[in-house]
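What follows is a structure written as C-alpha cells; I'll ask about it next.
Which chain is which? They are A, B, C and D, in the order written, and residues in each are numbered from 1.
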Amino acid sequence: MSATRFERMLVTGARCIADGEVLFVGFHWPMLMARIARRLHAPNIVIVYENGIVEDRLTPTFPTSPCDLVAAEGATVCAGSLDALYMWLGSGRVQMTVLEAPIVDRYGNVNTTAVGPYSKPKVRLPGSGGGTELSSLGRNLTLVNASSSKRSYPERVDYVTSPGYLGGAEERARLGYKPGTGPRTLVNPLGLCKFDERGEMYLAALHPDIAPEEAKASFGWPIRIEGGYEVLPAPAADELKVVREELAHAKERYYLLPEA
Amino acid sequence: MSTGAKPILSMKEAVRRFAPDGQELIIGGFAFSDPTALAHELIRQQRKGLFIMKTSGGVLVDQLVGAGCVTRVLSCHVWNSVGPVPAHCFRRALEQGKPHAIEIEELSYGAFTTALAAGACNLPFMPTTPVQGAGHFTQRTFLPEKFAVVENPFGGGPVCVVPPLKPALGFFHVHRADEYGNAQLFGPAGEMRFAMAACKKLVVIAEELVDTEIIRQHPEATVAPGFMVDAVVVEPWAAHPTDSYGYYYRDLAHHALYGELSRTEEGFRRYIDEWVLATGDHAGFVTKLGEKRLAELKVRHRRYW
Amino acid sequence: MSATRFERMLVTGARCIADGEVLFVGFHWPMLMARIARRLHAPNIVIVYENGIVEDRLTPTFPTSPCDLVAAEGATVCAGSLDALYMWLGSGRVQMTVLEAPIVDRYGNVNTTAVGPYSKPKVRLPGSGGGTELSSLGRNLTLVNASSSKRSYPERVDYVTSPGYLGGAEERARLGYKPGTGPRTLVNPLGLCKFDERGEMYLAALHPDIAPEEAKASFGWPIRIEGGYEVLPAPAADELKVVREELAHAKERYYLLPEA
Amino acid sequence: MSTGAKPILSMKEAVRRFAPDGQELIIGGFAFSDPTALAHELIRQQRKGLFIMKTSGGVLVDQLVGAGCVTRVLSCHVWNSVGPVPAHCFRRALEQGKPHAIEIEELSYGAFTTALAAGACNLPFMPTTPVQGAGHFTQRTFLPEKFAVVENPFGGGPVCVVPPLKPALGFFHVHRADEYGNAQLFGPAGEMRFAMAACKKLVVIAEELVDTEIIRQHPEATVAPGFMVDAVVVEPWAAHPTDSYGYYYRDLAHHALYGELSRTEEGFRRYIDEWVLATGDHAGFVTKLGEKRLAELKVRHRRYW
C-alpha cells in the first residue's frame, strides 16, 4: 500500500528534525513526528516538554500527551514549567520548536481557542496551553496541520492563540517579540510551506502527486507558490514501516487517527 | 499558615469546610496529578457558583462545568487529552450555554506560570511571554488587568507583564504528606511549587500519609513546607484518571469512556450518576474501578523513594 | 557565676521568640538565640534559612552558619533562595525575622558593608548577604547587636546595608516598602530597644544592673528612654544552663565568643 | 549548549580552555559547594584581571583576590563564615589596595537571585526586593544599571527592578554528572538552578562521574540538563573546605587555619605556597589534607541516592 497523505506528512515532518538538536515538542502529531524521527535518523535528539520533562531517548511507551507521565519514565530531568518555557525555550537553548496548528492563517497565526465570536463561539477549542509560548518564544518554529481543508487555512484566524507574524513580520517585531522567533515552516498533507520576509506563508514543496492548483485551493487566500517549488521525495520503505508501526502503537494508546 | 499538626480531613469534610458555594479556588495538576476526587466531591455536595482556576482544566474542569458547579473558569487549556477528544461539557457551556453559561478568562501556560510565580513571591508583577497581539491579551472577560505593557527601564522596547495571581484557596494533589502538612511530589512539577505558594489557604490531597522521618529522606521533593498548608486530605487514587508519577498511570480507557459518554448531556448525566453519585465517595469510586483495572494502572517498577 | 551581659542578651533574645512560629534566622547570634529558645520554651518553632533550608527541630550539631549544611541534616525541606526570600519571607509567611545588626543607627538602619567612605573604607565588612531582604521584607524584625560600644550605634550609618526606617518611617513607606515590615525590636547587652511610630529607636527595657544613664551613653545620639521602662528579669537557672551549654558547643564549632 | 557527550576535562585543562586572563565568570556555591579547587587552579595558572561574580564570596573569592587574580567582584557577601572572621585579603584589597585595588559591585542576595532568574528565563528585567535607600542601590561601581525603579502598571507605587544577569561563563560545583553533562545537586540549592541557566557557557565540577542510568533515578535533582553544559570536570573534594551535602562536611579547622594565616600578607603567601602551589593539583591538596582529616569530614550516614 502506498503512503497516505497523512503518512507522508508525518515523514516530511520527521525529516525536518535534525539529529542532535534540542526540540520543544507540543501536544499531538508533533510528538509522533519526533518519535518517528528518533527511530529513523535522529536518535540523539533531546525532547523537552512544557511541564519540565526532558526525554532523551525513545520511551518504551508512546505518551498520549506530554503530561502522560510515561514520558517521564527514565527522564534525565524532571523540572517545572518555568524551566521549560523560559529557561530552556525562552533562553534560545531549544533549537527547534514543533507546534500543532489545526487552524492557521496567512501570517502563521494559530487558532486553538474559538471559531466564531469569542463570547459565543461556533466551535470552542481547548485554548493555548503552552502553545502561545512555543510560537512567541520558540526558535525554528515548525507548525503542523494535519488538515488540507480550506476551513483550516482562513485568511485571518478568528482568534490568535499562538501568534505568528500577526498582521506581518513588522508588527511582530514592533510588539517586542524577539528576533529569530516566529514560524519558519508549516508541514501539512500537501507538502511544506515557508514564510517570506514579510511573514507571509507560501508553498515551498509539494508531494509528487499534488498539483499546485489543488494545493492552492486548500488555502483561504491566494497563496503564493514558488515557481521552482520542490517536489518531495516519497517516503522510503523504512520510513513508512516506522510510521505505520508508530501509528499502530498510537492507536493502541487511544490516539484518534484520520480516516485513511 | 502556621506550624504544628494540621487537621487530617476526609475529602467530604475538606470540601464542606473550605469550599462553600461561590468559592474561588485553584485546583492543582497539569493533566497529571489532577485531583479528580475533589471534583467528584464538589459535585456530590452540589456546589454552585465556583470560580475555578486551573492551568490545564482537563476532564476535571469539564465535569465541574457539566455538573453546573462553576460560573467562572480561569485556565490555559481545557480538553480531554486522550484521543484527544473535546471537553464536551466545556464546549456545550461556551457554545450553547448548557447547563448554564459560564465566564471564561484565559492565559497562556507561561503567563499563568509567571502570574503564579509573582503571586508566590509576593512581587507586584512579573514580565512574561510577549503575547501582545494574541487573543488572550485583547480578550478580557472578568480580569480586566490580566496583562499590562510597560517600557523596559533598561531599554529595548515594550514588555508584557502579568499581575500576581493569589488564589483565595488551593487544593493540590501530592504524592505524600506528613501530619504537619509537609507535602512531596516527585517527577515533573509544572507550575505547582509556585501555585501552591501563591495560595492564601492551601489543602493538600495526598496519596499517602507518611511519618515526618520519611519526608526528611527527600527534602528536595517537598513542594510545600508544612507551614503553608492548612489541611491534609489522604485519598489514594485521587488523581485518577490522570497520572500520579510513581504511583499509577493515566487511565486511557477511562478517559475514553468519559469522552464517549460526555458527548451528550444525557450521557454525561449517566456518567455522573453511575461513577460519582452512586459511588458515594472516592473509596466507592475506586472499588467500582475494580481490582483488575487498578492492578493494570499501578506503576510496577520499584520507586526510589 | 552570675550571667554576663552577653549571656543575658542571648536569654533576652531567646525570650522574644514565641513557640510555634515560623522564623527567618540570619547568620551568627540569631542562630544561637533561636537554638536556645528551641531548647527552652519554643520547641515547635520552624526555622528557615536564606539558602532554602527548613529546620524544624534541634539539629544534633550547631551549624556555624546557615550554609553549614549540618543545618540541613534531617531538614523537612531543601529548596532555594527564591523560595526562602520571596515565597516564605516576602509573602509574609514568616512570623518573626531575626537579623544581626553590628552597626545600627537611630532609625534601625544596619551597616554590614563599610565604615568610612565606600570607595576607600576604613573598615570593610562582609556586605549584605540576605540581610537586606530580612530587613526589607521581614515581619516582626528583631535586630541583635552584641556590642554596647558607641561606635556600634552611630546616629547615621555610613552605609545602609539593611534598610531600617531610613530617614524615618515616612521615607520607608514612600519608597515602596510594605506595611508591617521594618525593625520592631533591638536586643543588645543592655536590654531591649523598640521603635516608635516615626521609626526612631528608644530604650524600652534594661537589665537590672544597668542605669539609664549608662545605657544612653552607649548610643551615638540622644536616645529616648521610656519613663516607665521595663526592668528585665534575670535569667533563670535553666536558661543560663542552656545558654552556657550552647556557648560551649558553639566554641567547639569555632565560634568566636566575646571576652567574658 | 548542545546535546551529545561533553568533554571531560581535568581542572587544569578546563581553566586553560575556558578561563583566560580577563575572563568574566560566575562561580557557583553559597558558602557550601564553593568550588575552591577551581580557585586554586586559577591561582596556579596565575590568572589576571578576572571579573568574578559570586553570591557568597567566602574564602574562595578571598584567595583569588589575595593572589591578585581579580580586578572586579560582583557579590552579595564576602567573609570567612567560620568564627566568623574577616575575609582578610578582601579587606586588604578594598581598604589598602593590596596586593592591588579591586572594583566591587554589590547586590543583596535577593537582588542577585532575581537578576539571575531574569537572566535564566531571558526576561528583560525582574521585580526584586525594595532596596531604594540602601547603599547598594545608590552605590554603583561598574554596573550603572544594576537597579531601576518603575511604576507598577497595576497601581500601588514604585517597584524596584533588576536587569537580567547573564554571565559569559559559569563554573559550578555539583554532586554528580554524566558524560552528557546532566548535573545533579542534592540538599539546598540556593540560587544555583537560576545561576547555571543564566550562563552563556557552563562548566560543571562534579564530585563524581556517573552513568546516565544513575541520573535517571533522581530526575528532580538535575539542576542543569546536559544541553546547558559545555564541559565536565570530575574533581572529588572540589568544594573543600565548604560542605558538599551528603559527601562531606565543612572543614572548620581548615577555615580557621586559613583565617589565621591570611591575617597577614606574608601568612597568606605561606598558605598559597604550601596548600596551593606546592600541592600541584587538587589531588595533591587532598593528599596533603590527609586520610585522617578526610575520614572525619566524610558524611557517615547512608545517602539515599
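Just so we're on the same page, contacts are C-beta pairs under 8 Å (C-beta built on N, C-alpha and C of every residue); 3 or more make two chains touch, one makes a residue touch a chain.
This is a predicted model, so every value here is computed, not measured.
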item: Lowest number of touching-chain links that must be crossed from subunit B to subunit D; value: 1
item: Chain whose average C-alpha position is farthest from subunit C's own; value: A
item: Of C-D and A-D, whichever chain pair has more C-beta contact pairs; value: C-D
item: Intercentroid distance (Cα basis), subunit D paired with subunit C, Å; value: 27
item: Separation of mean Cα positions, subunit C and subunit B [Å, integer]; value: 41
item: Centroid spacing, where centroids are CA-atom means, of subunit A and subunit C in whole angstrom; value: 57
item: Touching two or more other chains - residue numbers and ranges from subunit C; value: 72, 75, 78-79, 82, 86, 90
item: For subunit B, residues that touch 2 or more chains besides their own; value: 123, 149, 159, 186-187, 189, 193-194, 219-220
item: Chain pairs in mutual contact under the definition given at the outset; value: A-B, A-D, B-C, B-D, C-D
item: Subunit D residues touching subunit B - in the complex, by the definition given at the top; value: 118, 123-128, 145, 148-154, 156, 159, 161, 163, 186-187, 189, 217-221, 304-305
item: Of all residues in subunit D, those that touch subunit C in their complex; value: 30-32, 56, 75-79, 81-87, 90-91, 94-95, 106-111, 113-114, 117, 129-136, 139, 149, 157-160, 186-194, 242-243, 245, 249-250, 252-253, 255-256, 301
item: Of all residues in subunit C, those that touch subunit D in their complex; value: 27-28, 49-53, 64-65, 67-70, 72-73, 75, 78-82, 85-86, 90, 111, 113-114, 118, 120-133, 136-137, 159-163, 166, 171-172, 175-178, 253-256
item: Complex interface listing, subunit B residues touching subunit C; value: 1-4, 120-123, 178, 180, 182, 193-194, 197, 212, 215-216, 219-220, 222, 225-228
item: Partner subunit D, residues of subunit A touching it in the complex; value: 20-22, 44-46, 48, 54, 56, 72, 74-79, 82-83, 86-88, 90-93
